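After this come two complexes, each holding chain A, first together with chain B and then together with chain C.
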Partner chain A sequence: MSLTSINQQVKPVKSTPWGRYSIRSLALTYLIVFLIIPILVIFQDGLKEGLSGLWYQITLPAALHSLKLTLWTSAMMTVINTFMGTLTAYVMVRYVFPGKNLLNAIIDLPLAIPTLVTGVMLVIMFGPQEALGSWFNSNLGISIIFAPPGIILALLFITFPFIVRSVQPVLLEMDRAQEDAAATLGASSWSIFWNITRPYLTLPIASGALLSFARAIGEFGAIVIVAGNIPLLSQTAAVYVYGQVESENRLGASAVSLVMMAIAFSSIIFVNYLQKKSKRVG
Partner chain B sequence: MSIILDQLTKRYDGLPVVNNVSLEIENGEFFVLLGSSGSGKTTILNLIAGLTGLDKGRILLHGRDVTFLPTQQRRVGFVFQNYALFQHMTIAENIEFGLSIQKVPKSQRQARRDELLELIGMSGLGTRMPKQLSGGQQQRVALARALAHEPDVLLLDEPLGALDAKIRQELRRSLKTIQQKLNVTTILVTHDQEEAFDLADRIAVMSYGRLLEVASPKELYQKPKTEFVASFLGSANLLVGRASQGKIFIGPLEFPDRDKNKRNTDPERVQVLYRPEDVTLAAAKDELSDCVLGYGTVEEISFGGALESVRVKLPSISGVRNIHPPVEFGSELIIVDSIRSPEEAERYPLKVGDQAWVGIHRIHTLEHPGLSFLLPIDGTPLIQETITLAGQIARQAQARVTLLEHSKNDLGDDLILQEARKQLGSGLTTPQTVSMNFSLPDSVSKMVEKQPHDVVILGFDPNKDQKIIEQILNSGNHHLLLVPGKQSLPNNVLVPVAIGEPGKDDIQFSGRLFRHLGAEITLLTVILSDQKQEIMQNRAKKFLEDGVRTLSTMGIQANYLIKVGKPLEEITKELNSGKFNLLTLGSPLSGKSGQISLDGLVWQILMSNSKYATLIVRSQQNNRRDILLKENDIPHILEGVR
Partner chain C sequence: MIEKLFFLNKREKFYPEAEKPQGRGTIWARRILIFVVIAYIAGLILGPIITLVISAFEEGYQAVLVALSQPQVLSSMWMTFWIAIVVIIVHGFFGTVVSWVLVRDRFIGRGFLNGLIDIPFAVSPVVVGYMLLLLFGRNGIFAPVLNSLDIRVAFAVPGMVLATLFVTLPFMVRELVPVLEGLGINQEQAAATLGASGFQTFWRVTLPSLRPGIIYGLTLTFARALGEFGAVLVIGGGIIGRTETLTIFIFRALDDRQYISAYSAGLLLGLFSIVLVLGIDWLRRRAEN
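Up next, the complex of A and B:
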């Protein structure tokens, strides 16, 4: 059969544009209605009284303190988590020990436990009336519950999986031959980790850290239990927003929310950028 | 000596991946480890580099014992199959890495780097990233990187495996040139025999963790010692012929037996190798002068560029058994592969279905006859365990297996047979399958009459099998391996022996079989308490020391025990220590009727230790019964065992 006869027989079928567009428009509409509109509404609400009104609300002493507290506790958590999360991932991937599979499953537990429960757990452990809490208080002069250390502990617990889970797959997929090659060339274990392994981990660590930071900014449930709601002492931004809503200061709530969202949003954008970059490199 | 490997052993989950490998490699030698995947060749490289820890043995590099040194201090250059270049470093940084670790000054480093880039023909490409290079270029860089710190030895793990054919050729050339230029001792691991032949000064062929043969490419091809090497390298025609009176007989053909002195066991059966180029095809018998094997049918013709290969099928020839190329299920035909030059093909054109005379004008007999196992296949409950153990031992021992399907009565047997062929298929020469419609002992008897085997392997149920085992033992001159249930691969064997000639046979055959398994052997002699202690102790000691020495020369780790007491009790006590997982017993000598009976001590031992796999070794003395009875010289130690 010649080519021309085939061409005559086979007619390309044109699909109707409706079928093609309906699915994507459904998905996009959903995205707009449930995500983008609420975000825009907050913007609109926060800027209702202009930039000066927004500025005024943010610079109220309690608001400013809550924002600062949120930022530094989250940053502190991120630093600790970066180190410990990477270490945990490394141990989980590179070493064999009994109970490894169970532990590996437990790492995800903070994602599933209601954060309120996390708060309750910490209070039970470190509350001033409890053994551990009173020991810290009397021996080291540190109070944990109703104070910033409690906030950091709560955030550490909640965000633990983020870095582990972003580093782990990279380590798992990594070709060990490069490390072996470095060893045959005389490199010590530390030198192998620093020169060969670490470059692969920088981006996943950074994106995991940013994700956990963004997640920490908005944490409410655990913190409200662990830190209480003491303005200018242990009140974080999320808790402050809650207080403003309760006392019907909507503008104050929207203004601080806007700042929190801006921080979280820029973190996420940066994570996206890093992930794209890591795909290109890896 | 540049590299000395001394009895390297590495096990994973108890199975030896590298099994008692010893090697000596000369300065500047290009040495190739050749084997199929899973043969342990890469593991050996990793052991030398210290990337994998070893279980037993020693490694010396230029006289330096590096067995317990970390990789970093071994001074090896290693090239990986997938290049393993440092992806985030430039080519220059990659090559300089080893030198910068050693804190070599920058100027020297750069000079060395430029020199190496020149050597691999990539000058000026130092600023590129690995991703920007082709596979061939990346592997060149990996080679340069491995050479930069001037290693004592160069280890190449299938370096050309990931490249396409043309680049592989090219790189092979430059690899050889560079190696010769630098005169660095090199081990290359590959599964590609063409590559091995092309590059190697010497080749070691590996299979299932064992080093089978080491020789120059030419010698390995022309004069292999083992069946595996003969059929693994190039294409081979392999069959079993007969040797007698200084001649080798293959059916109607006879050749002078030149290698007679090299072969030491079983002078009758001999494995004969002839290569396709040793075969001549002709239209008329007279054209073949005096080397005619037979008249056959052309089965397959394929054109391979320079040469044409023709496969011819011959009808069965009495006294000849085809091993390779594998014949069809149950067939007794002989298959012969031959190749012809274009001129020959033109002079005598052939097509599939034509008849042709087949002549052989050169043969080589294998030194190592290899063990042969006979494995009856039936629906008995222990068949799975028996197949598994037989397969494991056969693989390690490079034994040939015959599957004997007997008293076939239901479809289940076919499934078991298929399963057995599948399990035994990997790593072994294709097992021969024979079907017979008799009872188990009769089938074995008929089988071994036609074709003797070294070991018959049976599932063993102590409650009902004594008569059958006796019958099978009496039906030929083979040993018996009884499998009473699921067994691990034997690595510790207890061999109770009596002082005397039959005891020597037990030790020798145990050695011949178990050396392939890397197993340890413990010899045990029990002296009865009513015997003259001192004299017996001394005799036993001397005998057992000789036995241990015999085993050591076979490369087996062996030791001995002397106990005083009742044989049954002492043997059982030793077995119950839990150290051993296989028992070797000498079969009793045949009685006045000429038949072997298991009544007495052997059966008692079997019954009280029925969970152990047991090898019953038949003494060669059985064939010399008359002499033995006349001399009447067997000391009565363990008399019951005999």
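Up next, the complex of A and C:
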């Protein structure tokens, strides 16, 4: 009793403003040095030749092809991942089957494995001299390694946990009463999923999908191994930038880096927006 | 949300047994869906991992040991290890400071900074390395200063440390911010009321509650630092024996067709990261129960 009254009377002693300011400036200095200056320098260097110079560098055939390849393989991965990720999350939450815990742990492995090692694994599995790779090549006429399908596979591996882990908690916390009501009224299970469950999942699916897309745009380690560095064929934007840096073509490297950075920025802003919105809805 | 994806601790609170999950659909529809998911995960994730294990041991385990004890492999392992150690020391300190400031302090631009923290998740590692080249390279912005002080950053270890610092920046902060938010300020206020100084309050009250979060965040930072490739390749140049990390060694060994070396080193790195991340996750869940 007396304790609480003391607590109410005495205002908490705040640390001195100087201590607070010095900690704040320490944090700000760290972020400015390690985060903001490096980001700004890309914008400064990319726009050095003006917008027309930037446009010229981006529209060079190899640069343009690498950007287009990056965008369409990432988009393709996002479509497949959205479908399989949502299905996986649904099965993991709603169904009971043996080995479920093990499967749940396996889903996280791509987050732990360095992406370069992912690339090595896929090359061994699907390389043209390997059993599976040569089977695909001779029977289906598809080459996977050093070609776009390999890029998509690598991206699928790396980003698989993103959508699953984004949808899973929402499904777990969802109130099932509406679904039960619909079932009682005779709705089919597909109709229940599409009309009742799916609307709850739209936001988490969208932010997971966007995050995996953003992550895919910048991927380098796995892709440089799986797709190699063949201009106008399997060279993605990150690999193109690497090539330009190696050949000391500063303008080309800066221009394509700037485009990739812009995509990364807008994705992160959009993901933050979606998450705020889903917090409000939830 | 991003922290939800990257940090395994906040996931999967499985339903208590009484409330067993029950999906819709006929028994066959369920079986088919479960089969599709298991087949997809087995093919996409387990398949490649198993293939790597088999290929590394193709010429017997002795070949793996011989490959891993080459001087180049050992020196690149040390390089990777030391960079990761420096990175967790720096992030251990500054990551805690930044998280504290983001949660407890109030100033203009705080929300903006909070959004910026996630940027390294999305920026390409190659671009990260290139940024640092623009700053510290031969014609870089800081080149005159560095030359007069005779410090080498690009194509040297300091640049590789900087690159790894950038790439791993979000992990500590995203781990600690929710913990700090959850702690609230009651205990800190009580300590302050009893006459503790700001530093004493932090050291005696806040820090002990943060310890599990810090350990977890540092483990993830360490694992991510071990696997970094693109950024350290661009800024370090991959000079054999001087700026070659284990990932860069794997890349070069593949190029030189030293397959057993590449596969063994890849297996070692992959296994170590998996054990690290899943191990800390397991320890944490055991501590919670």
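One rule holds for everything that comes next: the second predicted complex is superposed on the first by the 258 of 282 C-alpha atoms of A that agree within 3 Å, B and C clash if a C-alpha of one lies under 4 Å from a C-alpha of the other, contacts with A are read in each partner's own complex, and residues count from 1 in each chain.
By our rule, a contact is a pair of C-beta atoms (placed from the backbone, for glycine too) under 8 Å apart; a residue touches a chain by one contact, two chains touch by 3 or more.
Fair warning: this is a prediction, and the values are worked out from it, not measured in the lab.
Student: When the two structures are superposed on chain A, do chain B and chain C clash or fit side by side?
Tutor: Aligned on chain A, chain C fits beside chain B.
Student: Counting only touches as set out at the top, which of chain B and chain C does A:L51 meet: first, second, both, neither?
Tutor: After superposing on A, A:L51 lies clear of both chain B and chain C.
Student: Could you tell me if A:L140 is touching chain B, chain C, both of them or neither one (first, second, both, neither)?
Tutor: neither
Student: With the two complexes superposed on chain A, say which partner A:A183 touches: chain B (first), chain C (second), both, or neither.
Tutor: It touches chain B and chain C both.
Student: Name the contact category of A:L102: first (chain B only), second (chain C only), both, or neither.
Tutor: Neither: A:L102 stays clear of chain B and chain C.
Student: Scan A:R215 for contacts with chain B and chain C and give back first, second, both or neither.
Tutor: Once the two structures are laid over each other on A, A:R215 reaches chain C alone.
Student: Quick check for you: in the superposed arrangement, does A:T88 touch first (chain B), second (chain C), both or neither?
Tutor: In the superposed model, A:T88 contacts chain C only, not chain B.
Student: Of the two partners chain B and chain C, indicate the one touching more residues belonging to chain A.
Tutor: Between chain B and chain C, C touches the greater number of residues in chain A.
Student: Pick out the closest CA atoms of chain B and chain C after fitting on chain A and give their distance in Å.
Tutor: Taking the overlay as described at the top, chain B lies 8 Å from chain C at its nearest C-alpha.
Student: Under the contact rule defined above, give the chain A residues that sit at the interface with chain B and also at the interface with chain C.
Tutor: 183.
Student: Where on chain A does chain B make contact in their complex?
Tutor: 175, 177-178, 180-188, 191, 195-196, 199-200, 281
Student: Where on chain B does chain A make contact in their complex?
Tutor: Per the stated touch rule, the residues are 49-51, 70-74, 76-78, 80, 82, 84-88, 97-98, 101-102, 142, 145-146, 148-149, 151.
Student: Would you tell me which residues of chain A are touching chain C in their complex?
Tutor: 6-7, 10, 12-16, 19-20, 23-24, 26-28, 30-31, 34-39, 41-42, 45, 84, 87-88, 90-97, 99, 103-118, 120-125, 153, 156-157, 160-162, 165-166, 168-169, 172, 179, 183, 189, 192-193, 204, 207-208, 211, 214-215, 217-221, 224-225, 237-239, 241-242, 245, 250, 253-254, 257, 260-261, 264-265, 267-269, 271-272, 275, 278
Student: Mind listing the chain C positions that touch chain A in their complex?
Tutor: Touching chain A: residues 1-2, 4-6, 8, 10-13, 15, 20-26, 29-30, 33-34, 36-38, 40-41, 44-49, 51-52, 55, 94, 97-98, 100-102, 105, 107, 113, 115-135, 139, 141, 162, 165-166, 169, 188-190, 192-193, 195, 197-199, 201, 223, 226-230, 233-234, 247, 250-251, 254, 262-263, 266-267, 269-270, 273-274, 276-278, 281 of chain C.
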